[in-house]
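Heads up, the next two complexes both have subunit A, just with different partners, subunit B and then subunit C.
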Partner chain A sequence: MARISVPAVLGFYDDAHDLLDVTERARVDEKFANLDAYTPYPVHGLEDALGLKRSWVSTAARFALLGGWFLGFLFQSWTSAIDWPVNIGGKPFIAWPAWIPVTFEFGVLMASFTNLLCMFYACGLYPRPKTVVLSKRITNDRMVLVIPVKGDEEERRAVEFLGANHALKIKIIDGFDAQRQRLIFRATPMTGEVTR
Partner chain B sequence: MKQFLEKEQLNEKALLSPKIRMEHVTNDVLAPMGRFPSLPWHIAFGIAQTMVLFFLVPVAYQMFIGLGKFGIMNPVGWGVYIVDFVFWVGIGHAGTLISAILFLFRQNWRTAINRSAEAMTIFAVMVAGLFPLVHVGRTWVAYWLVPYPAERSLWVTFRSPLLWDVFAVTTYFTVSLLFWYQGLIPDWATARDRAKNKFFRTVYSILSFGWTGSARDWNHYERAYRQFAFLAAPLVLSVHSIVSFDFAVSLIPGWHTTIFPPYFVAGAIFSGFAMVLTLLVVMRKLYGLEHYITLKHLELMNQVILATSLIVGYSYMSEFYIAWYSNHEYEQFQFLDRPFGVYKYCFWTMITCNVIIPQLFWVKKIRTNIPIMFVISIFVNIGMWFERFNIFIISLHDDFLPASWGVYWPTLWDISVTIGSFGVFFTLFLVFSRVFPTLAMAELKATLPSPSNGSRLHGHHESDDAHSGQEHGETKQASELAEVH
Partner chain C sequence: MHGHRFERIEENSPLRMSPLVSILMIVAAVVGLGAFAYGAFMGPAEDRARAWTGMLVAGTFFWFLSMGGGSFLAINYIVGAKWFVAVKRLPESLAQFSYRGGFLFALLPLLGIGSLYAWAHPGSDYPYEGTLKRVWLSPGVHYAKVIVYVAILTVTTFVLVSKSRAASRSADDPAYRGRYRFSIAYIIVFGLAFSFFSWDVLMSLEAKWFSTMFGVYCFIGAFNSAMALMMMMMFYLRAQSKYVQDRHLHDMGTYVMAFATFMIYIGFSQFMLVWYANLYEETFYFLNRYRGGWYVLTILLPILKWIVPFLILMPPSFRTNLSAQTVACVSILVGQAMDIYWIVQPALSPEAILPSVINVLTFVGVGGVFGYTVINDLASHSKLPAEDPDLMSSVNGDYLHA
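Our next item is the complex of A and B:
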């Protein structure tokens, strides 16, 4: 499966307000597609500015919660009433009020694992000895707007747009995977830099 | 969405200096990870390691000779081990409360303290977990506590509160650990991108799971984080409730009360915050984090301690009132026995440390005085240990038949194990404070005021867009600020 790799223009910012404004403009006014942004912390509203859908991770966790409750209750019933019923003071085998604590805890446990693992899956996270990053300052104090471009014309337009919107620095890289809407960091190193 | 950001920053201004920038956070938090530990750290670590021996030696000895050395007898079958267990589980409540419940209530001041409080939670629950394991006597078969397909096809009894406890504590530990680790991922990425050599870059890269900070990832991350908070909030409240069921579901006078779950939870938050305070007061000094864990943070924690102290005090009074009102002879005797019986000093220590001393926090001068709040937080810890002692020991020692009454005192071995458990806890915390990012950097950065207040873009707007007068005013102010810096 061949990846469609396109160049991308990066605009560096140091302020969440700036990034939000410029992202909104790039997507809505300038009609750039498949935008991405890289930030050191979760910027509220950025998912709206980028036009991202709500994450499905928490929905999966909620289903796991219900499933955990169901399975937890079922397991307690099975061990106590079917597999080896023990008569304790004539109490019912399925003494359901006594099972609420374990049922609750088991559901929460399942939901938590699902939550974290789904988050890892959705973000493509796994332990790797080497991580290639766009800029080492992203995890420190810089925010980057990534505009994938299709041709020279669009590339020039993106550079101009970021320049007009006071990006601290503008860079052009090869290797935005337009199909998966992700940057292919490993395949292609950065090629050019436009310094204002 | 912009309004939200501005509002968030306004709240924070009282807590953090507006001069703090994102790179300051990165530098200051990562600094202790990159340098050789200081002399005070070595001294503290040496003391903590010595204290660990106080735990290991008696426990090893007990493995050979059995539980007899530990003072437990008839009728007091649950001694200091269970007191320590419940005490430490209680300590472990502040972290997840801070990270989950305060998150849901949008208390932004939590960002400076949640990482270390969660670490403290995890270590406290680990220490707590040691006690049931050694208390079962034959520790090497402690896995019988969990339901597994055994060769005799027996199952555990799900009707027993002790089993609920196994599930509650292990779930709480696991969920706290996962929640904590999720928060750590972006911070490991920061450490990775700042690492000075290949070894640390590789280690941090593995720990960070290849985090890059993409908005698409943050979208999932934030959703998962919020979901964790929603899961962990009822979990925090459930854990000590279930621990209290160990007692409340029995028929012992002084235990068999419906007030136990909320009473235990309030006590847990009370003691947990006190322990967080004890640790943070030292940590912020040792690592130069005074700009991030400010006096305002400490004051807010003191207010939580004061509030929970009142709840705990109310619970004590309520227990006495219900004992009188119930007209239940054994219950009434129990509550006369506590303040006036053999263990009266334990009872009055508890009242003094938990109800009377924290009232000093009504005074703002005391609430903002670091040495005094440190001393008070230690008193609270002592008081909470005695609260557990009161509930468990006094209820057991004089129960129904005077013929079976007895007096229990912890032996030196019990006291040694208790001291040792603090050693295990402090050792873990000291290691954490050296090798982990001690503040949640990504979350802290989100609450900082913005460096330029959007002046660049708004300045640009002036030329080609018509803007409201108010925004022009803002722009001017922001550019003036930018000049100052």
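Our next item is the complex of A and C:
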């Protein structure tokens, strides 16, 4: 929850199917833009419901893989054929079948590191020493749909939409307190069934 | 993607094909097996050995397909997989071939061991006289042990398929838990019996050669080719049933791609260790397959079994695309048939030869029996396993949401 846009209306749910349905309806029927959602575990199909495009992370990882293969192969060739040639059992200096395992593993290593770091960057988890916690419940059993709003009219529409779609709880984020690194919540209008 | 949920299965008739296909399969079986019988028993004496090679290749290929189906079922039951439940009639239909005809074709090459195995002739060029290996590889012991392996594999697969089709109402049902427990026993017994079968039937063609990778190599070829065939059948099932979704095709396509990669991993590991150690008693196996024209086949195998399916199935959208999957899966199946030919034939002829007409007809004949039993099996069971408590989870994708 690194790059949350404010102001925004939050709708809390406790069921993945409900969240998927509401998200799709908010995007397709109600035309809310830049939707976001937070869940305690990966919910399959959520990226389609949010209308997210394929991320660039896998492309970066692919190039890292190819680069890792190339560099791994090159390095082994350089050490055993150019820098310090050693005759091993009469084999050619560039004994390529023996290098395939290392080449492969180096490519995988590069791709996975690139994947991890690019994922941190793309999600806004780095560089950023502190994260803003939207609600502690989303690390446990709640799922949140975030609808960024512009102006009172859209805000009213978002609250009504979430209320009509049985959100367990609705919250409004008014702003961000940069000094205390905290979100500023409006006094929350409660609708629907509020549990616990 | 999610939108519509099915509350219950309304349409669940058996998966039928036109009777013409069954008739075609019977004709193929009669013609092919007739050609084999002519070649092996009545034809010119100098060609009889090749007829037996053809039977070994064809019998092993289709026997391996059914073994791949059985192990696919068992593995999925062990890990508690739910995604495949909607399409589990397909692995069941492959596995049932093992006890409806498959075991005959696994046993039939026993009659031709005189033409197939150098160790079957006393006084042949064989350096293990007076050792246990000489006893292990002698006709009498070979008959006994291959019959035992095939019997174990056939009976356990029969029990597995029966348990797979037994009705259970919920996950607490004894039938449901029994299926899980039997799958664990099955996979242990299967791993041993299948490895011994591969060593004794295929690896002993080159009796002086040995590879600890060989059992896995054969298993993964069987597993991946069975998946490629199930992938093709799944497109037909999807066209016939609205409950089978793109999600199932995508998961199966991912499996095909992953295990094509595992195939090259095992194949390359086997080759690379022999190449690197460069020991006289190991290298001749690959040298024989480098020389005399076999080189072409040696190069084609990794292309057909890995490069083509891997590159084609890389984009996720291609895994649900019929044309792309056809190219990838046919490539794997052709590669698997060529792989078994590559294991068997160079052991008997140093110069590369194409399969003879009788070899091709034998393959078509065994394929006819295989196709007939599979079609017949699919036509005699509902196309979705209504008896399985996980069916709705698989159809609606509930297993994806914790």
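Note that in this section the second predicted complex is superposed on the first by the 159 of 196 C-alpha atoms of A that agree within 3 Å, B and C clash if a C-alpha of one lies under 4 Å from a C-alpha of the other, contacts with A are read in each partner's own complex, and residues count from 1 in each chain.
FYI, contacts are C-beta pairs under 8 Å (C-beta built on N, C-alpha and C of every residue); 3 or more make two chains touch, one makes a residue touch a chain.
Everything numeric in this text was worked out from a predicted model, so none of it was measured.
K.L.:
Are subunit B and subunit C a fit on subunit A, or do they clash, once the structures share the same frame?
P.N.:
In the arrangement built by aligning on subunit A, the partners subunit C and subunit B clash.
K.L.:
Does the superposition put A:S80 against subunit B (first), subunit C (second), both, or neither?
P.N.:
first
K.L.:
On the A-aligned overlay, A:S55 touches which partner chain: subunit B = first, subunit C = second, or both, or neither?
P.N.:
first
K.L.:
Just subunit B (first), just subunit C (second), both, or neither: which does A:D21 touch?
P.N.:
both
K.L.:
Give one of first, second, both or neither to describe whether A:D141 is in contact with subunit B, with subunit C, with both, or with none.
P.N.:
first
K.L.:
Considering only touches as defined above, state whether A:P127 meets subunit B (first), subunit C (second), both or neither.
P.N.:
A:P127: touches subunit B, not subunit C.
K.L.:
Given the superposition on chain A, which partner contacts more residues in subunit A: subunit B or subunit C?
P.N.:
With both complexes superposed on chain A, more residues of subunit A are touched by B.
K.L.:
Using the touch definition from the top, say if A:V108 reaches subunit B (first), subunit C (second), both or neither.
P.N.:
Only subunit B is touched by A:V108; subunit C is not.
K.L.:
When the complexes are fitted on the C-alpha atoms of A, one of 95-103, 113-121 or 185-193 in subunit C overlaps subunit B. Which is it?
P.N.:
185-193
K.L.:
Residue by residue on subunit A, keep only those touching subunit B in one complex and subunit C in the other, then list them.
P.N.:
16-17, 20-21, 41, 43-45, 48-49, 91, 95, 98, 101
K.L.:
If we count contacts the way the header does, which residues on subunit A are in touch with subunit B in the complex?
P.N.:
My answer: residues 14-18, 20-22, 36-50, 52, 54-55, 57-58, 61-62, 65, 75-76, 79-80, 83-84, 86, 88, 91, 95, 98-99, 101-102, 104-106, 108-109, 111-113, 115-116, 118-120, 122-131, 133-134, 136-141, 164-166, 181-183, 185.
K.L.:
Can you list the subunit C residues touching subunit A in their complex?
P.N.:
1-3, 268, 271-272, 275-276, 278, 397, 400-402
K.L.:
Which residues, counting only subunit B, touch subunit A once they are in their complex?
P.N.:
1-2, 4-5, 8, 21-23, 26, 147, 153-159, 161, 163-164, 167-168, 171, 174-175, 178-179, 181-182, 185-186, 189-190, 192-194, 202, 205-224, 226-228, 231-232, 234-235, 238, 242, 245, 441-443, 445-446, 450-454, 456-457, 459-460
K.L.:
Which bits of subunit A are touching subunit C when the two form their complex?
P.N.:
16-17, 20-21, 24, 41, 43-45, 48-49, 89, 91, 95, 97-98, 100-101
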